[in-house]
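Going by the order they are written in, the chains are A, B, C, D, E and F; count residues from 1 in each one.
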């Protein structure tokens, strides 16, 4: 007889004990293998271990130190001490990320009898982490172009330093460029945790699958949504509240959306999209185009197009 | 003579002390019972104690562990150990939440001479907490339908696990479904702290009063606003930037808004509302309707309606 | 020979050591003084020390206690103990903020041979902090009007306490009114860190330069953007998703935006701007005007204007 | 049927569940109301709450700041800021200590049906704390004499500052002089927790009951034991390993020691006791006496006595 | 070429870099595979992982909660909630201790190519932890007798609660009785870490190997030493500064002490040993004997013996 | 008029405020510039800043990682990653220790008008830290000999690892060998804080001035005292409770002890001193001597002497 069933019985007669029995009763109800809406999410708890959101965030903060040394983490670095801090932090990232990725494999694992964090899972995770580490200089190169774009495009930017310290767009892109590498390496869960953390901090929601070139600048950022299969060229600027989303998607025979189909816009080089614009579907925004604020767009446009919303009415109040 | 007046005098001649006296002077000014804009918020400080935002957030994290065991909190649970962790965490929630709710009563208390955390306040808080705990299995049942809706409606969702770990909509609904129970139990302050914390984390602002049925899915979420008297049916999907708000509200004789009137939309079953739509006032969106992006709507629509924004202008730049 | 070059050589033959050498190799690549996209952000690391985001946030939390005593920080204050807590917290703020501002000067300092945190930097920082402290009672006076505006304008507000504890608009304005004083005192970096932290928490992005009068109320708040040179009068209400931004800006001979030009709207007294409206450029919204939701506005309007979006189409689906 | 009995049954057949059931079994055994050596310490757990060792230690650290400002706690105090820090810290001590003392009453309370932290317990605790606070300047006066004694008696002391920062004797006396006041006020448990914490840190074990005059110096300190009913005069010096203990004590009719009888030495003014001396029973060490190292003494000695151990043998090895 | 050799070269010419190079130089020296006194402790660093002192201490604190529930850890337990807390804490101990013991095996492992925390090590650790958990009720039974002995033997003890909360002897015995079980299970390192932590806290040094019966009372405790092969009967009382040590030990052919030989005293039931007594070698102290303070004893004594130190000289000062 | 005097007046009439005024009254009393026993320790508080005990302890833990890598701090080091961790930790020690030593200078500074942490103080501190860092490999060489001595001399030592992880003697010597270097560099306060921390943890009290050669082993350690001017040769073993102290010391014309005179024993190579022995004064223990337990010795002895205590009396009880 399982423990939870036993607890369930206890909860049947808690008053007999002269105590209130409330906790026992709620525990029993929560453990009950009920039907319908109450169904348990997992059929069986058997030591599958999950990644930790807090730990993944901690890893991202260490990567931020590696990618922007002197700005995040210890600030009094010298040319002499920089390599020591980088090496130490890289080694910490290697160890922590390997563990989290292995936990991601474990959690998704269909095999109930699998040992906890099997050597195979750990080996796979290790290989992935090594691939990521080798890519970090490359990622950093891209981020430097993003900082330059922010500084040069925003008249309010007092210095490149300000962009690195404060701009939500740089924060979100740092997370994205790391998450995207892990997405390409087919890591489950972790890239999405990384991108959703940036979403929470900045209000910018970039799916780890989105493919974004250099010199990308998002001003203000809140409410930006960039979908999984988006492709964004060089020197693109987008403002707060812009959606690059899917318009509709094919359903399978069960009426569920088919996963993995290209369904988000392609934005070519040198495009500017103003605040609140909504661009949906696998359409192409031609290079050099400018999309006005609050525009709703679902068809491709050629290079150098300019799209604006109709004028608002003046002097009229609807109600 | 009160201490603060005394300090005020001190600040009149700080240079006489041979020290700068700056801190004393600012303290005196801050304590001064001034008039006009400087008026003090509270007439008297007398040991009324306030709830703690940090503590309320900690309680919500413990409830998240209870509602999604194995995902939040310790992850290596087994069928044997699950009830122990649930019972321990429930007891911690019971004790902490009782304290916070009693503090809420204390803070709002009109009685200046009341003893701190009187037995009466504590007893009322205890009764409320017990009612909440008994509702937790019910809340969990609803949340499981929300997870299913997210997984089935979003082609980017790789697994139900991903929705639980990462989706801001699930995070916000977990907070909301708890806050709503406390709202129904007429708890002051605490439900709003809970919902505003979710707002801060996700950009989704659901007032604790909103009444939301099962299988509710909010994609991306940033900028969603759902007002206090909203009613939302089953299987509703809404996207980022959607507002379900009040259009206008009656003012009382002092020109202040009358509180507690139904003033937000009713959204029936199976409705989809795309990003940026603004729906205001006590109107009804009929079952099965689809509201396009960026639409502005202030009148009821019948079931199965489709509403879209006018087309944008092409090739024109306003400036 | 510099250390980083040495490491670079090491990375040339890591396999010779019988170890994997991965960390050494990535360190060498990250330290390499490469060209093009890989260029280093700083030419030389020489103990310039940077402000700490975490520390600045901690200072803001202490200021929140000073500005709203009994709500944030310890809650069981009495008339007797209030001045002690204020004095202690003010002194902590004085010391911590002086350090952070001096670090800001240091980080921006062009002088590579300058000693770390020179006396001159520290003295300048000290003078600025003293000016800020003296302004705190004034700031608090403004914030009290903002709380009143929130309570009186929002039918969902149960008490002024709720507004202080929970409303993102009050949180963001508290940060802004402090950041704005520091902006006026020409402090680098710190004001922007303060305002971006509020942006992260609330989704409300107010540039420290914006000049905002009393009784300002932002409902819900997510997605609000208020630009650097905005001027906002008394008794203004704005809703979520409103942008008060720049439309375009003059470029210098290098094609970069000219910094420091007035380029954002002036909003006069008693204006209401509904959700999602976008108002761009150095235009004036006349006193008493009402701007409807999702409106796109780039020209000045006279006092008492009412502007609304065109009606949406019904019963039509674009795709 | 009680929960623990139920668990006990569960543990009878854990293998039937297909899980190991180890935790359940050990829980059941630990909860079992067994007989003999296994008997439970408390007959019933019913929300009696206990003091917290960690919290009491935290209170002592705050008192150390109050008693030695500028040495412990924040160090950059000025004449202007000192009173603010003292007031804040005193208020924190008042609140925290009141809570711990009330918990001490609660834990010792014979009344099983008593409400948790009843108003009566809290009121008693409050009165005691107020009495202690008023005594703090007096305690500080004594401690200053102890610091002077340390600096003047120890040729290795470089400054009075060193004695305050580093000397275990000063640390132990600070705890003792506070604990002794609480002992006189008949507070249960808390004084002993305070003195045992000093014992743990310094190896000096002074019972809170010991009555010690001014200018007391303990050099090195490790292994010093000073019993409950000791009386120690002014200007006494004792070295490491000295015991001022009880020799034997009357037993009651059950063969248990009778509690509360004077049974430890009286040490008059200006006595020096060298390391390792053992002085037992209600005897008097006359003023100005010197007790040599490792001496074993159980009889009173007149003023100005000199007691030494017999000489050691040379050149002989016992085994 | 290994990294450390490379660093060593760097350190040869640090001035050439225009920087001080001090850190690099010290690193190189510390990494140098030098000879003589500078020899490295480990021939090669290869990811052998070590137990963590902090973690072992944390485990002991959890065990203290399990062995004395309501005294350590959460104090407001009821008969209903006790089993939940016990189960949760036991499961945490199981997981954490398994990890630490496996690390102990790993650290001592002679196999350099062994994978980190191999399944075999983890399995061995798991078996040991399960054996310990099953013994916990037994250990608790013994500790209850120790508390009774403390309360009954010490006239200064106000309650059994005081003994549990405050007495260093109870603290040290709790650690010892756990460490002794792990010693019997042949766990490397961990038992010694546990006993040395108690030594640090209490000044009582009991080797994990010592075999101690029930009702054991150590008063004051500082300086007590109980060697590895001691055997102590029931109802024994010892005071501060007592040594139960080895007198001498046979050396092997290399002049090193032979390990694992019985070399410490046997103390039979009902013995009392007063402060500072030194008892050395594999001798037997017969049941019911009383050993006086500061006695030096290296030969067996029959039951009911009384041993005292010679009288001290009076009125004489040696110098 | 000074602030504290003002507070003092306030405290004169606290009842007039209708509040209890207790805190204000105690603050005033504590601030009062009273006479006699109540005299303030410092004449004026003027931003002299003190070292922080917690910070110094943190520095020692980092040094422990540097001196025993793989044992303390991160344990999964490899030959590749070791130098990175050493370099990072050394740089942290450099920065933190420089700050603490400068604070030590500041605190001891006679100049009231000196700026806080003047450049001169910082430069002096920097020079000292650099000298210490260069000595670390040398210190480590000595400590390795101490570990060897512990392992070879103690039959209970299972491995050298156990000695490093657990032995209080190794812990205390690590602190001592660092503190001694700082003592030689004439650093105020910090060395004593380091050695007293070891004293607190281990019960071993070694003055930073003591000069100790290689292969030094202290078994058990509790109660060992080694005075400031001791000199200890190679291969010395001492047991718990041994005192190497001063017997008496010359007084100056004010009756205060003259500081800085050689007054502690010289212990030559290969000496063993058993537990509880007390050796006082500037005497010499000749090489190869053995001192028995509890011996009291105040005269020099030639090489290879054996000294034991007189036999205890049997069968006699003094009382």
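Just so it is clear, a contact is a pair of C-beta atoms (placed from the backbone, for glycine too) under 8 Å apart; a residue touches a chain by one contact, two chains touch by 3 or more.
Predicted, not measured: the structure shown is a model, and the values here were computed from it.
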Task: Listed chain pair B-E, B-D or A-F that repeats interface C-F [over half of contact pairs the same by residue number] - done: B-D
Task: Taking each chain's C-alpha mean as its centre, the one farthest from chain A - done: D
TODO: Could you give the separation in Å between the centres of chain A and chain D, each centre being the mean of its C-alpha atoms?
DONE: 54
TODO: Averaged over CA atoms, how far is the centre of chain A from the centre of chain B? Could you give it in whole Å?
DONE: 24
TODO: Note the residues in chain B that touch 2 or more other chains, in rising order.
DONE: 2-3, 17, 19, 21, 23-24, 27, 76, 78-81, 83-84, 86-87, 91, 203, 222-223, 241, 276, 292, 294, 309-311, 318
Open item on the list: Show me the residue ranges of chain E that touch chain D in the complex, using the header's touch definition.
Closed with: 66, 68-71, 75-83, 86-87, 90-91, 94, 130, 133-134, 136-137, 140-142, 144-145, 147, 152-162, 164-168, 201-203, 214, 220-223, 239-241, 247-248, 274-276, 292-294, 298, 309-318
Open item on the list: Show me the residue ranges of chain E that touch chain F in the complex, using the header's touch definition.
Closed with: 2-4, 7, 22-32, 36-39, 41-42, 44-53, 103, 107-108, 116, 188-189, 192-193, 196, 199-200, 203, 205, 207, 209, 222-223, 225, 227-228, 241, 243, 245-246, 249, 256-261, 263, 276, 278, 280, 290, 292, 294-297, 301, 305-311, 318-319
Open item on the list: Touching residues of chain B toward chain D in the complex: what are they?
Closed with: 17, 19-21, 23-24, 27, 78-81, 84, 115, 119
- [ ] Over in the complex, which chain B residues touch chain E? Could you list them?
- [x] 74, 76, 81, 83-88, 91-92, 95
